[in-house]
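Below: a set of structures, written as structure tokens.
One chain, chain A, links the two complexes that follow: it is found with chain B in the first and with chain C in the second.
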Partner chain A sequence: MALLAYIGRRLLFVGPQLVGILLVSFFLVKLIPGDPAVLMLGPFATPDALARLRTELGLDGTLIEQFLIYLWNVLQGDLGTSWQTTLPVTIDLAQRFPATLELVTLGLLLALLIGIPLGVAGAFFKRGLLRKAADYYGLLAGALPDFWLALVLIFVFYTMLGIAPAPLGRIDFAILPPEPVTGALLIDSLIAGNWAAFWNAAGHLVLPVVTLGLINAGPILKMTQSTMERMLEADFSRYAEMCGLPRHVVLRKALRNSLPSIVTIVSVLYGFLIGGAVLVEIVFSWGGAGQYAVQGVLNADLNPVLGFVLYSAVLSLVIYLIVDLIYFAIDPRTR
Partner chain B sequence: MAAGHEPMRAVAREVTTTPRAAARPAGSGRLLFFLAVLRARPNYALGYGIVTLVVLLAIFAPLVAPFDPVQANPAAYLQPPGWPHLMGTDATGMDILSRVIYAPRIDLTIALAGTLISAVAGSLVGAAVGYYQTVRGLGAFASGFVMRASDVLQAFPVFVFAIAIVAVLGQSLESIIIAVAFVNAPIYLRLMRSQVMSVRRMRYVEAAYIAGTSDREILTRHVIPNAIAPVLAQLSVNIGWAILLTAALSFIGAGVEAPTPEWGSMIAMGFQNIITGHWWPSIFPGLALAVTVFGFALVGSSVEVLADPARRRALAGQMEQRRRATLPVGPAPAGADGGD
Partner chain C sequence: MGATAAVMRGTPAHELERAATPLLSIEDLWVAIPRYKLESQQVLRRIDLEMAPGEVLGLVGESGSGKTMLARSIMRLIPASGWIERGRIRFGGQDLAALNEEELRKLRGRDIAMIISNPRGELDPLQTVGQQIGNILRYHMRMDRTAIRARVLDLLRQVSIPDPERRLNAYPHELSGGMAQRVVMAIALACSPKFIISDDATSGLDVTVQAQVLELMRKLVVERGTSLLFITRDIGITAHFCDRVAVIYAGEIVELAARDEFFENPQHPYTLLLLAAFSHNERLRRYWLGEDETRKEMGPSPTGCPFANRCVRVQPRCRSEHPSLRELASRHFVRCHFPVER
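Then we have the complex of A and B:
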């Protein structure tokens, strides 16, 4: 019951927060110089045609009016149209958001697979080569630009060795993509039982996922290591050791108690990567949501940017809510 | 959302509750102690070495660079590394080594200026918010408003936000600096706020208040000096991030424009070449970028230890122990600094 009340209280703040986020991004993007009407009709358009198009696009009211109209449309599920793709933003994002989510989720999973074992090992063996390697890896992962690492991987595995597919999207042009259900190619091709598409999409995922995994393992490693160190020095670990429990049991208990901070860092990274993976998306021509938003900003295309900001804000709110529920599940003190 | 800042706050509190005066090893100069630390921790020395080298390269670039960094030479395009182009040439025939040497002029300027602006503005506002948040009245209301505003700012996808700022202000050095400053300011705001909120509860602050000291004087003379250490530690790490952000902005074409030598835009220029096997236009600037950020990260981790009185003392103790262990006879005289 307390849990339900808690979720209710959280949801109460979501509305105003979303309106605030939309308000700021609306005015920010409106400030970008560039008139969509001119950009759409080209330099030789007549003033009449320009004025007509502006009225059509709702660009002739005051900014406040425009914002209120936009907000009203959003409430009815209409995020407007992108003048670049000429499609409704909801349709564009329905194609692109799953692409980004698939990439980011797999990237973070790989980062967890690298970061947690290294972090645990680094905390357990406080001296020695492994700890040094873990420390340097953490620093190095934070220093490498992801877009550059992506290029290096492309050079080695595509250009030199020829074992990776060309960095041109999520699936070969020659292969028919599966019927979209979730939008994630791996899942959709499994649903359709289309193994050719599955393996092809998986092949295209390898390099970008490895890029994101290698880079984001850094912060996960650091967080795991520092929390584990604290837990291994805590009284309950000392007590377990004194009782003569085997090492792996002590480690497991310490790791169990380190989970909340690992969950926290993963949620922060997840929220960040929805927009932050855009550079990797560009390098691999991924056609993801971040890329869509950046194109929107660079071309004064308001609706895609607002749509993206709205989607990612909602998504991070959902993630934070899920994280809080996970805390409830794994940390008895919060109950 | 606040959950993400919890560990930082925990560390921060530890810093301020430790008395500062006893931290320095007795009878030693700060410089000698610093040199001894560098000797005991070679990776810190590596970090300071890298940073010094990059700064020197930026200052003396015209003397060091073998070629003009923006001089295109269509006759010698995409030359592999060799003589006279040690790192080869790019698709327009510009010398890559010279461009790599000139690049920190732009990258460091943006990163330093952006980080300093965000640190000063962010921590001043953060200090005020932290100080007034617990008081009732207008101050508390304004503080709450600032925090909600910073929540909204932080809910934005960082990168899209930075690009939008550059797009609004027009593509120039100043707008990139402002974008970097804007994106980083909330970090300092939160850090300083949590610091000030814990320092505020100290007895000496209460004493000053009872003695009738004005709010402004309490803040500037008693609270901020005791809350500043973690902010300093954050600075160096943040300069590294700022360099990465600058390069990323230039990479997608929203930052420094070609042909100005800048690492991110150089990597972008070599993007097409790398697929055809010409790796050098992208690899070298990327390496330079990574090494530089790595150097700032190492300096950052050294500052983290040295600015924290407890950890500094622990380090000094370790060094002293090791020195004694290697001494041939007898215990070292008390108060020796290890810098001989």
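Then we have the complex of A and C:
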């Protein structure tokens, strides 16, 4: 029950943390020059009309007033509307956030599948071809921009070979998307039993997921390799060797002791990629949350930006809570 | 020292001499480690050592003298990427150099077990005591689950751990130093090895706990007729339960004798220095230890006797000629040109 108390204590701080995050991002966003009223009404608007619109948008009060009004609305579940899509931000994000989550989650899973085995192998065979390959791969993955890799993949697999679908969103226009339940197309089409939609969405996912997976396997590989090396040289590994335990048992012990570091880097990457995958989203016209927020910033459309910040903040807090619970599960010393 | 030595007995030394084949025999062992941008350094030289089945041999030396190197060379897990330059180690009549990595692995922990110091740092922090002892049984003895559990409980009882059922599920960080030391002893005893190396095992413990653990170790070893190589920095401890005592200095064995002979008639200046450090006799202490701190800084001398720079009785010959290990009395070996006479 100490666990429940711990979770409760953590949740207590979520509210103040979110208000703080909103406060900072609100004022930062307000610092961006640009008047939404001018952008909305176009170059031929009369000063009268502009003033009226500003009053309507609540832009004529002081910044503090504006923030308090925004906060009050947020508390009632109203994140405002985007003037670009003319839809409430909650509805926009309900479509886009799952799209990003689906992409990022699968991308990270692939990164784990590449990074952990390569990292473990690199730590175990300190010399040799595999270690060299792992080292070069880590360097390359750190140096390549993800959008460039995305463009190369599109060029090879769509333009040249024609085996990948066009980089125009999450599913073909000709295919009816499944009824949204979770917002993730793969899961929703499985729920609806719509196999055509499932395979089509999966096909669209391949290239962006491979892009994110290949790039983000780099840091995971590096972290796994360095932690594993440290663990394999740790006293308990040496002792396990002296006890004559088989190699694979020693390796498994070291890997288990490395897990906390790996979990940490994955959680950091996850939080980062929610917004950081935006270039890949743009290249594949994914219509994800990052893309939405960037459009908002470019067009002085503040509500989507703040809404995105709020959603990612909540998600990050949830991830960090889960990470702490995983630490509990892995390491008896933290209990 | 001599008085304490007479108190306890393991196996009488004359019986050991009769044992036909030694369990462990080390012949002219040289071990080197690489040094960055320098010539490699020989950390063990001319080691000759034999141990009979059931014998307890104390190996005394200061830190850096090569005690751990010797222990790990026997295990063929030489630290600091060291290697055996020359010499031979036989265990149970078998040349260890002839074994491949897998055969060596099976030997470690099963036939040759190690008891280490700082056990809380050496146990896996993520596994319970039961799992760690069980692992040894599982991979060396191929026991099944229920047999392992029974045997682990039995082992915990043998090393006098109170409430073994509960300790089974304890993690290393939940154990006291003495308890962790007992767990490591249980791991060492798990496969009933013929030979146990205790490497400075009790150095991190409180003195009272140390006494308990030593007493337990002696009991378990004598009961089973296991050979024990007891490595320590504390020459006083060896007086309590070793059949023979060896002193190692700068990678060389400088004195080796049966315990009673060793403590009654020590002959190497380094041994006397170690013994004087425990003595109440102020004059003796001043003579042997007077300026040892400054002399120690000079390090071992490169030619001649390695102890020459620290020796209060040093003569010109000591700096030019390397002394060989001579048998001065019966089975009493000393590596010194000018052994201390009574």
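Throughout what follows, the second predicted complex is superposed on the first by the 335 of 335 C-alpha atoms of A that agree within 3 Å, B and C clash if a C-alpha of one lies under 4 Å from a C-alpha of the other, contacts with A are read in each partner's own complex, and residues count from 1 in each chain.
Operating definition for what follows: a contact is a pair of C-beta atoms (placed from the backbone, for glycine too) under 8 Å apart; a residue touches a chain by one contact, two chains touch by 3 or more.
On a predicted model such as this, the values are computed, not experimentally measured, just so you know.
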item	value
Partner chain in contact with A:A197 - chain B first, chain C second, else both or neither	neither
Touching partner for A:V266 - first (chain B), second (chain C), both, neither	neither
Touched partner set for A:L255, first chain B, second chain C, both or neither	neither
Which of chain B and chain C A:C243 touches, first, second, both or neither	second
Partner chain(s) touched by A:V209 [first = chain B, second = chain C, both, neither]	neither
Contacts of A:D235 with chain B and chain C, given as first, second, both or neither	second
Larger contact residue set on chain A - chain B or chain C	B
Common ground on chain A, meaning residues reached by chain C in one complex and by chain B in the other	none
Residues of chain A that touch chain C when the two form their complex	235-236, 238-247, 249, 253, 256-257, 330-333
Contact set on chain C toward chain A in their complex	75, 77, 105-110, 113-114, 116, 118, 121-127, 135-136, 139-140, 171, 173, 187
Touch list for chain B against partner chain A, complex	1, 3-4, 6-7, 148, 151-153, 155-161, 163-165, 167-168, 170, 240, 244, 247-248, 251-254, 264, 267, 270-271, 274-277, 279, 282-283, 286, 289-291, 293-294, 297-298, 301
Touching residues on chain A, where the partner in the complex is chain B	17, 20-21, 24-25, 28-29, 31-33, 139-140, 142-145, 147-148, 151-152, 154-155, 158-160, 166-167, 223, 226-227, 261, 264-265, 267-268, 272, 274-276, 278-279, 282-283, 290, 293-294, 297-298, 300, 305, 308-309, 312-313, 316, 320, 323-324, 327
